[in-house]
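The structure follows.
A, B, C, D and E are the chain letters, set down in written order, and residue numbers restart from 1 in every chain.
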Amino acid sequence: MQYLFYLFAAISVLSALLVVGARNPVNSVISLIVCFLSIAGHYILLNAQFLAMVHIIVYTGAIMVLFLFVIMLLNLNKSTEPSKTLLTRIAAVTAGALFLFTLLGALRQGVHIAAAKEFDGNTGLVKSVGQSLFSDFLLPFEVSSVLFLSAMIGAVMLGRKDRSPREDAPARPEPSERRTKKIPA
Amino acid sequence: MEGMMTAIRVIPLEHYIVLSFILFSIGMAGALFRRNTIIILMCLELMFNSVNLLLAAFSAHHSDPGGQVFVFFIMLVAAAEVTVGLAILVMMKRNVDSVDINQLNRLKW
Amino acid sequence: MVNLPLHVALVPGLPLLGALVIAALRGKLKGNAAGLLATTMIGLSFVVSAILFLHYDKTGGANVVKFFDWIHIGGMDVPFALQIDSLSLTMMLIVTGVGTLIHLYSIGYMHDDKRVSTFFACLNLFTFAMLLLVMGANFVITFIGWEGVGLCSYLLIGFWYTKPAYNYAARKAFVMNRIGDVGFVLALALLFSRLGTLNYIEVFDRAGTLSVEMVTVVTLLLFVGAIGKSAQLPLFTWLPDAMAGPTPVSALIHAATMVTAGIFLLVRSSALFSLAPFTQDVVLWTGLITALLTASIGVFQNDIKKVLAYSTVSQLGLMFVALGLGAYSAAMFHVTTHAFFKALLFLGAGSVIHALGGEQDIRKMGGLKGVTKITYVTFLIGTLAIAGIPGFSGFFSKDAILMAAYQEHPMLYAATMAVSLLTCFYMFRLLFLTFFGGYRGKAHPHESPAVMTVPLMVLAVLSVAGGLLNLPHLFGGHEPMKHYLETAAEGITGEHNYLSASTEWMLMGITVGLILLTILLAYNRFVKKTTLDPEPEDLPMLSRLIARKWMVDELYAFLWERPYGWLSTQFHGILERKVMVPVMLGAGRWTQKAGKAARMLQNGNMSFYLFGMVVGIVVFLMITLYAG
Amino acid sequence: MSALILTSVLGVLLLYLGLFGQKKLLVPVGVLGLLAAIGLFVMDRSINVPMFAHMVSFDRAGWLFSCGMLVVTVLIFLFGADYYARQEENVAEQYALMIFSLTGALLLTSYTNLLMLFLGIEILSIPLYIMAGGKRDSMRSSEASFKYFLLGSFASAFLLMGIALIYGVAASFDLGVVKEVALRQLVQPDILFTLGCFFVAIGLSFKVAAAPFHFWSPDVYEGSPTLITAFMSTVVKMAAFIGLYRFVGITQMPPTLGKALLVMTIFTLMIGNIVALRQSHFKRLMAYSSIAHSGFLLMAVLSQAPNTAQVLFYYTFTYSLATVGLFILMTLAKRAANGDEHIRIFRGLFRAKPWLGVVMLLLMLSLAGIPLTAGFVAKYQIFLLAIGADLIKTTVFAVLMALVGIYYYAVVIREAFTPSEEAPALVVSPVNLLLISVCGISVVLFGLLPGYLQ
Amino acid sequence: MLLIALLLVPFLAAAVLLVARPDGAARTIALLSSFITAALAILLWVRYPGNNVTLLDLAWMPSWGLRFTVGYDGTGLLFLLLTGLMFPFIIGAGRSEGADRPALVNALLLFTQSALFGVFMAQNAFLFYIFYELSLVPLFFLLLFWGSAVPGRLGSAKAVTMRFFIYTLLGGLALLFAIAYCVVQEPSHSADFNALHALRLPGDVQIWLFWALFLAFAVKLPIFPFHSWQPDTYTSAPLQGTMVLGGVLLKMGLFGILRFVLPIVPEGVEFWRSTVIWMALIGALYAGIIAFRQRDLKRLVAYSSLSHVGLLCAGLFAQNTYGISGSLYQAFAHAVLVVCMLYLVGAIQRRTGTTDLEAMGGLKHRAPRLAALFFLVMLNAVALPLTQSFVGEWLMFNGLWQRDGWMAFAAVTTIILGAIYMLYAYQRVMLGPENAKLPQAGDADQHDHLVLVPLIAVSLVLGVFPAPVLNLLDGSVQQMLSTFTALY
């Protein structure tokens, strides 16, 4: 069991690093999917079956596909991304590492979180989660509909193609061109 | 399945926490590291997932389904956010013709 | 009988009224109206003073007339009160008496001036201020007069305001007076803080309670005030310059009255000065050095008024010597006689100037005794008086000072003697060059009108007879002035004459002999050969130095005026413009610069933003984890 | 609570109106709906019980903030009538999104569960991300939108991490439980709890635009449509602060975290005020000013006095009134100046329209904190709170920064009162005139009679 | 009710002017209003019962210590009187011909007056502060609209205005902080002066709080080295603006020191007294020396005011009967003086077309009456006895002497400096040979007489009969001092 945990952990960390490191965006997406799958594995290890399912469906099935879709749509599936300067990269890595080590250093004080008195193996099952969701968490559940509605509106509003072709220039030209710097085409 | 139930009892909670922190940090560093905005978005997803993992672990630890419900909500929100985010990205790509984060600097100072 | 408050109020009130009326009707007074009005006012004031004098009972001490509370707050009570006692009466009579004559004279002298009304208004105002000075029942009232006379002096020196040099002289006079005033004010503040009062009577009553150091400080400060007003070293240079004013002004203000205010103040506060031997020494030496220095300068002056001016300073120095010696009555006596003969001399000089159409250089005069007979005779009397020829008033008063000096130390006597010999020399030089020999100028001299000559004659009489006011025992007199003043100035009571009659006779003989010799010398030099001094540049070393007034003006310009201008420029140019203002502007500019720099953080690059946020998070995380 | 439902439904209703092309009805219906919501709040003002299994509870502070936000939204809606007059598409969507965002804000005023905090923030934010990109063909707008989105999500991740850690310690998302745990911390501190609080605080600091999490705000303020900027700098700010206040109040803030936040406060005050000095673009200026005001508000939050909520409300509400008024004024001036947003567009305002000039003066003085305006009373209260909490040095610093702040407000005032060669041709619709006047008069009125907002 | 009327009359008049903009009648309306307020102020004086009066006390924002409490004592009355009496002249100083937007000018002046009345009648620190800051706003506009550029870096009217505004607010905010601090420390969170005066803060707190309180007034007065904003501002500001600034506004600083600094932080005052007095005196000397080399007449007046003000502050901090009452008396004299001097500057500028001293001279030939008026004003400026200034300075010298002889010495030295630069200025402007380059020079007209003569009369009459004002001060100052002594 422990070995499975460490295996999944190693896979998730490595694939996460790959997400960051891959030159080609498609490779990144695939690494991320691997990472998510390993996280799903953790969920299963934790006996969070409902979560594992939803996770695979939502993340791997929907979100990542969406990512791929956009990459294809925008024709980004080439490793054309100019890399950042070395300095920025070092700074980024340093910042990340510093952050991590500070957190880990904090953990050295020890975590004393008492487990539940009575361990309940059914916690992560669909039934238990569903009960909780539709009793205690009813309001959030309802309210999140507002969230989705806005997200939908947003997607439609922003993603829709212009009624008039872009070449016709905007109705009102961007007026405050106070900086003359041109955007490279 | 009975055997698997004990994962949280075998693996110390700290390990979950550490794993989660590592993933979180990788996501964070990745957001700084890359210029491609789509990859930055993916890094953000990674950060969310590290939180999800942590919540799931706590949830199991406490035997409280609430944490897992929360993860569910995070997924909801993440989905909504990604939708909006990608829509904005597409719009931006149309306007600016780039997804390079360094090209996004018309607004400054 | 005498309504005391009314009469006392009238004395300064009349000239004030005159000044106000004339000022108000400035444009409307024609011809001599202003002069007549002013003269009437001061004449009436003299009459009232005389009435007061006659009715004053000196055994009764001082009569204080309080009019109203002036500054009254907390424990400070400065009433507007005037004091009648023998000292103030003496001064009142001198001021109004000599003043009346000079006013009268001015009618003639200023006849042609367009701003004659202004002149008389100022003159009347001056009289008012001078009367306040001498009549004040407390130091502060005296100070009002003190400042008032300074102001009028300023106005009158700069009367002909079109000439920048005159304006400069006026300013110089005022500022130098102000320097003295600092001492005066500080003395008053100190006195008040120690005694809680500034009324003369109370102050002198309580003077004994002060420690010697305190009295010394107070008296020194008072003396600083006196130095300014009476033009002593180091503040004497304004007085010769003050001759820029019309001659009657020089006579009244810069010879007879205002400049003696310092003497008056010291006599008035003799109760304090008697307690401070150190101050007395300071007074003595200051007076002596001033007297010697300025007398020597007088020898080389070619401006008729300048000679008289230096002579005035020198005589004032002698008076201070007397004061320093504690011979208050001698000083007052000399003040009185000096008022007579110096006014006479100045007016005479004015008459000469008038006769010559404004010429003041004695090298361009000469031989006037035939043309301006009255002027000549009166001027001669004045010269004899100041030279100390026996029988004339100056002889008695100066002799009193010389005796007092001898009593202190023979060397002191020698020094004062030197002063009087120098005086004698330059006065006769002046007389000879002006009235003897042949006329060297181009104008057409003529005698002055009666309105000018009458005052000359009156003053000439006084110059001759003034000695009777304080005729010493030696000549069968009873020193009436000294006894009269005793009640007012405590210091006088303490004076004693230790000299035997024979010593006095001997000294007097020496004095007279030397003076006669000096006159002879002058006669040889200026009448027989008519030696005219060349320009200072052509004189030998020492003489050149003296002719250039010991370079004191230059020294002051170097020591004070130029540094002050420099300081002002530097303060403004460097401290203000380079430090204070830039610091003020800099605070703003640096903030702006900081803003400009901080603005660069907002570079539009999202990676940088993210990086910034992460750095922030890490820093705050560290604070959260490890601070505490 | 019924108000919460009403607002959600109102959003949907507006969408339908848009669908059926009833553009003219949008504002009236929206305003009526919002007024009705205010009415419902007023009726429910005495109900202060946790609802929906301890998810929300409108206490006094929540009630005040809710009403305040509704009022400000009404003003912005009315302003929108003119603002969107010439725009044809997506108007209904914009209004609806604003209402949805408002719903999120209302949740933030009243959450009693960390999940509601998270959802509230997201519901508040996601519509904002979209609205910021409302001008679809504008590069600036889309850039603003994307920046806001990306940085916002980044911050959300930290917020979530924080919530997760708190959950780890408390085993519950309920704030009641969290509060008990927080009290236990005094005896037995737990590093995870501290970390959790820290991360949540960071996430919320992003929303209030505290430095160094402020980077989004100037860019987003500038790029977004002015109406949205107005909404962002008012309602969103109020929501973010009440959210932060509630969180800080319940967790009691571990002392070291308090120190970190104090540093952040100082930094915020400095960045906001000092950078604003060099701004000549009005919206960016307002953004930095908003950051600066966040600094002052953070001081109040940190002071943790019994009446902090009231002060926060007074401050944010009056600040919102002034800001809305100024953005309306700017829109008018901008139109007259052909879309320029530099502060020079105000030049000659006083000559051209004296009343507008005076109102502008009042609003700016209120932001600057000059007496007899509400802004002054607000700042004074903040100082009192901070001194009461013994934050003397911070207060001194804040005072200095307030001075710097006065400078750049005065610069704008100076522009408005400097005569220009050609008077700006301002066209003011009656509604806008009314709005501006209401804002101008109310900042003075509330400054004179602050009791009415307590 | 009188106090409220004092507040409202100018305010309403200003509002009327602002709304109706009757440019033609603006000056008349403003003058009318100022005459009414002057009459009211005098009425207040007549009715003054001789002790502290609180006339109105309304709860305003009690939880924050803010009450609308107005009243006055002898010192407050002095300042109310001063404000009431100076404004008719300040407003009257404006010329009707060729004025730019007179309605606006007069409205702004009246607003300032209203705020000033507020400051001087406030019995609550917070209320004081509100009016204190409020008085700045109209001045900001006066300077902005009608200011002129001054030479030097950042010398544009705009920049000078901003500097003035920011630097005075720097002090203002420090004061706000200090008030807030005191209110928090006060058990009942009251900001009433009575409560604050009874407050006894720990010594070490007082030592730093002193500066927070003092800074506001030090900048306002201004005291060396916080003065750098002043000369430029005075020079740049329109004449009436400078009159308000120098004549009345800076008196708020003195009043503030009296109300805040001395009673609230007595130990702080004790600790810093010599520092502050020396600062003030050095400033007085420094400004006096600098004034001598000013080419611009207005700037010279600015520095002379700076010099006088240093003395005022020193006198106040001497904190004894003579120091305080002298300083307050001198405050009155200074107001009269500044208004006169500035009016003269304007009159001279109108005749010579310049304020550059180097370019002037000989004006007396053409304008002898003006010269006479200038001279009389100058007498007051150099504190000649029997002028108002002398009484004040005399008392201050005595007060300072009781603290320290050297302080008194430094203070007295200023009378020399004053004589030097004032006489210099007079000579440069008026005296000297006739100047042919004065085209429009005419003698003082009726307008000049109407403004200057009453003011000069006041300065002379109060120099000879200072009793009415001194009596007004005596009781209050004694009472104040007894409170101070009680505090130790």
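The rule is short, and it goes like this: contacts are C-beta pairs under 8 Å (C-beta built on N, C-alpha and C of every residue); 3 or more make two chains touch, one makes a residue touch a chain.
A quick note: this is a predicted structure, and the numbers were derived from the prediction, not measured.
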(message) With contacts counted as defined, which of the two, A-D or A-B, has more C-beta pairs across the interface?
(response) A-B
(request) Would you mind pulling out the distance in Å between where the CA atoms of chain D average out and where those of chain E do? (result) 42
(request) Indicate the whole-number Å distance between the mean C-alpha point of chain B and the mean C-alpha point of chain C. (result) 97
(message) Centroid of chain C to centroid of chain E, CA atoms only: how many Å?
(response) 37
(message) From the mean C-alpha coordinate of chain A to that of chain C, what's the distance rounded to whole Å?
(response) 99
(message) Give the residues of chain C touching no fewer than two other chains, as numbers and ranges.
(response) 588, 599, 602, 604, 606-607, 610-611, 614-615, 617, 621, 625
(message) Counting only residues that touch at least two other chains, what does the list for chain E look like?
(response) 166
(request) Could you tell me which residues belong to chain D and also touch two or more other chains? (result) 115, 119, 122, 126, 129-130, 133, 136-140, 145, 147, 150, 154, 168, 171, 191-192, 195, 218-219, 407
(request) Write out all the pairs of touching chains, ordered by chain label. (result) A-B, A-C, A-D, B-C, B-D, C-D, C-E, D-E
(message) For the complex, give me every residue of chain C touching chain A.
(response) 607, 611, 614-615, 617-618, 621-622, 625
(request) Name, in rising order, each residue of chain B that touches chain D in their complex. (result) 13, 17, 20, 24, 27-28, 31, 37, 40-41, 44, 47-48, 50-51, 54-55, 58, 61-62, 64, 66-67, 69-70, 73-74, 77, 80-81, 84-85, 87-89, 91-92, 95-96, 104, 106-109
(request) Flag every residue of chain E that touches chain D in the complex, lowest number first. (result) 61, 63-64, 126, 129-134, 136-137, 140-141, 144-145, 158, 161-162, 165-166, 169-170, 173-174, 176-177, 180-181, 183-184
(request) Note which residues of chain E are touching chain C in the complex, please. (result) 152-154, 163, 166-167, 225, 227-229, 231-232, 286, 289-294, 321-322, 325, 362, 364-365, 379, 382, 384-386, 390-391, 394-395, 397-398, 400-402, 405, 408-409, 412-413, 415-416, 419-420, 423-424, 427, 430-434, 464-467, 470-471, 473-474, 477-478
(request) Using the touch rule from the top, collect the residues of chain D that touch chain C in their complex. (result) 147, 150-151, 154-155, 158, 191, 194-195, 198, 202, 206, 211-213, 215-216, 218-219, 254-257, 259-261, 263-264, 270-271, 274-279, 404, 407
